[in-house]
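Let me give you the structure first, and then I'll get to my questions.
As written, the chain order gives the labels A, B, C and D, with residue 1 at the start of each chain.
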Amino acid sequence: MFSNRMFNILVPIISVFLGLVAGAIIMLGFGYNPIRGYIALIDGAFGNAYFTGETIRRVTPYILTGLAVAFAFRAGLFNIGAEGQVIVGWLAAVWVGSSMEAPMIIHLPLAILAAAVAGGLWGFVPGILKAKLGVHEVIITIMMNYIALFLTNHLIRNVLTETKDTTDRVLESASLASNWIMEITSFSRLHWGLLIALAAAVIMWFLLEKTTTGYELRSVGYNRHASEYAGMKVGKNIVLAMVISGGFAGLAGAMEGLGTFGYMPTHSSFTNIGFDGIAVALLGGNAAFGTVIAAFLFGVLKEGSLNMPTEAGVPSELVEIVIALIIFFVASSYIIRWALLSLKKEGK
Amino acid sequence: MSKKGVGFLENYVVEMLNIRKEFPGIVANNNINLQVKQGEIHALLGENGAGKSTLMNVLFGLYQPEKGEIKVKGKKVHITDPNVANELGIGMVHQHFMLVDTFSVTQNIILGSEPRKYGMIDIKRAEKEVMELSERYGLKVDPKAKIRDISVGMQQRVEILKTLYRGADVLILDEPTAVLTPQEIKELIAIMKSLIKEGISIILITHKLKEIMEVCDRCTVIRKGEGIGTVNVAESSPNELASLMVGREISFTTEKTPATPKDNILTIENLRVKDSRGVEMVKGLGLEVKAGEIVGIAGVDGNGQSELIEAITGLSKVESGKILLNDKDITNMSPRKITESGLSHIPQDRHKFGLVLDFPIGENMVLQTYYQKTFSKNGVLSFNRIYDHAKKLIKEYDVRTPSEYTKARALSGGNQQKAIIAREVDRSPDLIIAAQPTRGLDVGAIEFIHQKLIEERDKGRAVLLISFELDEIMNVSDRIAVMFDGNIVANVKPEEINEQELGLLMAGSKKVGGA
Amino acid sequence: MLDILQTIIPIALFYSAPLILTALGGVFSERSGVVNIGLEGLMVMGAFVGIVFNLTFADVFGDATPWISILVAMVIGAIFSIIHAVASVTFRADQVVSGVAINFLALGLGVFLTKQWYGKGQTDMVSEPFYSTNIPFLSDIPIIGPIFFQKVYLTSYLAIIVAVIAWYVLYKTPFGLRLRSVGEHPMAADTNGINVYSMRYIAVIISGALGGLGGSVFALTIASNFSQSTIVGQGFMSLAAVIFGKWHPLGAMGAALFFGLAQSLSVISTSIPVLQEVPSIYLTIAPYVLTILALAGFIGRAEAPKANGQPYIKGSR
Amino acid sequence: ACGTADEDDSANPADDNTETEGTDETTNEGTEEQAEDTNFKVGMVTDTGGVDDKSFNQSAWEGLNAFGEANGLVEKENFDYVQSSSDADYSPNLNRLVQQDYNLIYGIGFLLMESVTKVAEQNPDTNFAIVDETIEGDNVVSIRFKEHQGSFLVGVAAAMKTKSKKVGFVGGVESELIKKFETGFEAGVKSVDPSIEVVAQYAESFGDATKGKAIAAGMYNSGADVIYHASGGTGNGVFNEAKDIKNADEDAYVWVIGVDRDQHEEGAIGDTNVTLTSMLKRVDVAVQNVTQQAYEGEFPGGETLEFGLEDDAIGIAETNEEAYTAEIDEKVQEFKQSILDGEIDVPSTDEELEAYLADL
């Protein structure tokens, strides 16, 4: 028999493989050359130092929004609001990063912290409403997304600037960008944020799996009544989970504001970093390290897809389809397990 | 009832022959035979996990057996799903009720075979039919009431009506009395008797030997998946049945020395508590439990017992009054504070409250203590210690589980309960509240749990036992407090009262001299 | 005042209609125990199909084109949703995951095919969209007529009628009783001889049909063409309406109408004297803040169908 | 990064072309022969709209096509575009073109400002152009338009057309750029008749047709009969609402003024059309013009080019002859001349508008 561990590794690999095969079949069906298509994708993601840098840059916020969604999930909450939390985190980081002066050792952490706090605050609202009044977090987080979008646009135009569409750039002292990284990646926008994202993954893993707080959060996630019976404060844990989740998403905003862009433009629609985080978390099985790997997969596919139209003539949406299919296969892991088991049986 | 196709020697309505059913890694039923005669009440007896429910689920078409054959009224049948069972006239009342909480009684009964009019459910007709049926068999129900608003006993009647509505003439009852109060059990027994008069045959699963002796004609015993045999109840005794079941002698009356009560551990004064709907359920109650004694609260379900427990344990708010634990006021304190003040609680609903079913057994063993120094340092858990601790408890309390890393969900009900008791008792509290600690467990497990409670008493702990089983109350308690309508209406010693009198007190009829 | 109502109500109605239809789909699916985060994707599919059909067959069907378009969108939406059903019912997939995949798939497929067929990222404008009408007789009633029956889209009333039918089906018919029982306690339904799997398939397919209908109604009354950005969040608003409406068809309709009303108030308020002084940002976010306040203030706790989100595995407990 | 020009000291890769053309004095006609072997490459990066957005991305792409046609160049080889699917894609897309040795790269739309600035700094050997923004740098040319001028003219048309003496303006997202449309429009309206009321409202989105429709419904309902929109996809809702009113009542008097390109097509309903006229912003003219200069080795690096009426890069559509009457056109032409002559300085901010209105 396969061990559980082996399944946990095999199933995603098979899912990705099946997704890519399905994508190839679609390309064939529409008269494209799948090999050229996928070479273009790989080229677009890793073709040279620049694209490699860009790919990793793209992965960075995905890790954080993935962690955000996964963290809430583990505590039994569905945070569709990562999107809004990213947006407010972005603004807070840029605000602190551009409007005050301080030595880097203070300024940068302060700007990052501001993002986490802003995101956390955005998570706090649905958290407290759920904890105190039992209001479903899904609706509140959806509403908070829209509020974040419109409010930040308003703030950028009316408070941070005088009717401009982008904020000022953040100061050097609050920037995650690094000349050194830029140089070795031929001026990609890769920045130090990746380290923050990876650290966040470690923190989440440690917090959830190793600490008493994590124990409580997981317990509340699985069984609210038993947790209350055992003396845990269910409401407090719900709020805490949403705040930490929002904090992670807020950090993703800081990645954009202090790293990738160095400023914040007004947005006429959602960034999708938060919504994509849902897919990342689910692909990663809501576990910290699974999320990191899923974010890489996601980032590679998304970044590489940009190269497909120019290099192979394939519409980049093909990759959306491939991602969707991969998610399906991962979700349907039961059937893959079943197939593996029957294969094994027949082999005997 | 037609006699056509009935076996030529015996009048068997259902025959299960050489049934084998496997689950991954376990043979739940191995070559089991069960033959039920027309119009009898046939008991199915066995320890927790012996394979009773599995066998019945096979008969009801929920599981397909690996081997063996089933005959209904002499005809070989293939029961591929519950629909087939229904058509063959087999109805089952499951151990865990199969009722939709938010539906009305009528809706639950007609679900799947609704009377219609113009494509709509003809709810008027349905209600009328339910009323007729309930009158005919003496199963009183309110057809319009929502399931979640009615008592467990009432729910059970709905379950039975459901099968009758579908025209069942073979009725499987899987542990129907485990969740009932003595009054309700009495009513159920009367109902069963009237059902067999109507020509219905019943298969009854129960762990209560007394019930078997009282109503059953024959009894089939299974042990660890193997059929042990079938006996005529009239020619047998509880002792014989029990030893057939577990393979050894069992003592029924719990051995214990007289209690030596000391200081007050729990003192409750003038307590008032409302339920979640705002109805006052505990109405100025007073109670004392001393160190070294077991106080049993006897009472019919719904007289405020749940609210009382929730108030003591901090799970619901006290309106007024006082609760003292070791002379310390714990009224309206948080569950955590109360636990730390020396209280343990074996909850009534082990799945809802007692366990996090998706946690490993090991993590469940520290549900209230994970944050304490023993198991964590600076907020970081020490899994080595947690699992060592769990290992110790598993051994000490004989919790049957593949390992301490196994999810609680995978354990049998009895073993889940043992795990909870291990956790609660091991904390060495001053007061143990045990709410229905043996519900649904086999006699072996019951014996073990009773012993544990008495041991703790002897160590000088106070024990508050809440149970709807008069046997349990009479056997285990040193003092019985009878609860009726939100108040303690009597305080008696078990040796000074018989079950009859106790039953009257519980029904609120009159006061008997207290102790 | 009358003027204002006359402006607000028709806007609220046309804004709500697609949300109502899609939310009803969500109600069916979730009442049967299948969480449907994929409503957004189902709407995308509906919008895509509605527009493509309309563009392709406008010459053939003339005035009837929009009606036939939404019918076709319904059918394709239903077929498309089978993917969600297979994954979440047969393959026991996590329903949230499968729903997220539906969203990705619909958008990817829609835009991919648009590029294939039209050689660009967005279609042309349809020539046969829905137009509003005055409803004969009813629109002549004083006061009520101008507010509710003048310059309204028939699709708005279609949505309301479908909501009433959905309520009737779910609460008055055997089918509805069975469907709801499957969402509350699938094992109970199973022991009563109800096929849990086929019930859930049907429910998900209905949600696909209604989601497709909602998407196409949106596209043919409001957007008039299809692109990446035709459906951006309407599906999630519908999901919010499902929960806001406590999984009840009429509740979901009420919630969607509430969203529509709040939205139209925020748009119209610039022409309401008292509100003119209010900075526009407050009006822009008002619909969302109002929703939160409404939930926190008096709607409160909503209980989802008990078995919502749990795959049913025969024989487990 | 620039393959062929690596050893060349010249910062301008287009020099390669001029050198090969060297002896040949001809410009436009002469290039046809060189087309085969020219390695001039021009590309554009769109914002999230794509080259079929019926707006400036499309217009810019038309400009490149026109340029290609005029010079006998080949799509994909000599000119191409990349579409962005989110804000984060601008930089990689620009860089992709840089790495593929494009000589001139356009960033279409103000949203690309920051990205073009950075990429241009990092790649001094490549030439860039940005539309609707100003960027400093020797290798960047900034292309801007005097939208306020065109908006002024459609404002005049609206003032001539309105019967109710109330006209509306629907903006996408409130910003400096869109403000130019609004102020120009209002100035135009009031220049004809100061008593005409102008109501303006922003949708806070360039893609929310629902809101566009709702806003238009509100405006028409409150008596406005001409609406000028500068709101991208949101404008679809405005057209929809006008057509809807028209569908219900053929005699209804409602008009829409389009933006950027001639939006006549959008206004068609049955035999009539609700598009009164459109403010034309000829990004294609500007793009073709700048590209041609670069092709000829005269890339105006470092300059900010402001295209307006005088360049025929801003204009007014006259397609709907029935609605856009000779009388209106006469008035419009009159004002156009005044602007060209410098008699009218069209305001482009709120302050300027205030001053302008005070002077009327």
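The rule is short, and it goes like this: a residue touches a chain if its C-beta (ideal position, glycine included) is under 8 Å from a C-beta of that chain, and two chains touch if they have at least 3 such contacts.
The UniProt protein names, listed by chain, are A, C = ABC transporter permease; B = ABC transporter ATP-binding protein.
Predicted, not measured: the structure shown is a model, and the values here were computed from it.
The chain pair with more C-beta contacts between its two chains, of A-B and A-C, is A-C. Taking the mean of the C-alpha atoms as each chain's centre, chain A (ABC transporter permease) and chain B sit 47 Å apart. Remark: chain A (ABC transporter permease) and chain C (ABC transporter permease) have CA centroids separated by 28 Å (rounded to whole angstrom). Distance from the chain C (ABC transporter permease) centre to the chain D centre is 36 Å, each centre being the mean of its Cα atoms. Each of residues 83, 85, 204, 207 in chain D touches at least two other chains. Counting partners per residue, chain A (ABC transporter permease) has 150, 269 as the residues that reach two or more other chains. By the document's touch criterion, interfaces exist between A-B, A-C, A-D, B-C, C-D. Interface of chain C (ABC transporter permease) with chain A (ABC transporter permease) (complex): residues 83, 87-88, 90-94, 96-98, 100-105, 107-109, 111-112, 115-116, 229, 232-233, 236-237, 239-240, 243-244, 281, 284-285, 287-289, 291-292, 295-296, 299-302, 304. Interface residues of chain A (ABC transporter permease) facing chain B in the complex, by the touch rule stated above, are 210-213, 215, 218-219, 222-223, 225-233.
Residues 48, 50-53, 83, 85, 199, 201-202, 204, 207, 209-211, 213-215, 217-219, 221-222, 233, 236-237, 239-240, 243-245, 247-248, 265-266, 268 of chain D are the ones touching chain C (ABC transporter permease) in the complex. Touching chain D in their complex are the following residues of chain A (ABC transporter permease): 48, 50-51, 54, 58, 150, 153, 157, 163-166, 169, 186-189, 256, 260-263, 265-269, 271-272, 303, 306-307, 309-310, 316.
By the touch rule above, chain A (ABC transporter permease) contacts chain C (ABC transporter permease) in their complex via residues 30, 78, 80, 125, 129, 133-136, 138-140, 142-147, 150-151, 154, 158, 269-270, 278-279, 282, 315, 317-321, 323-325, 327-328, 330-335.
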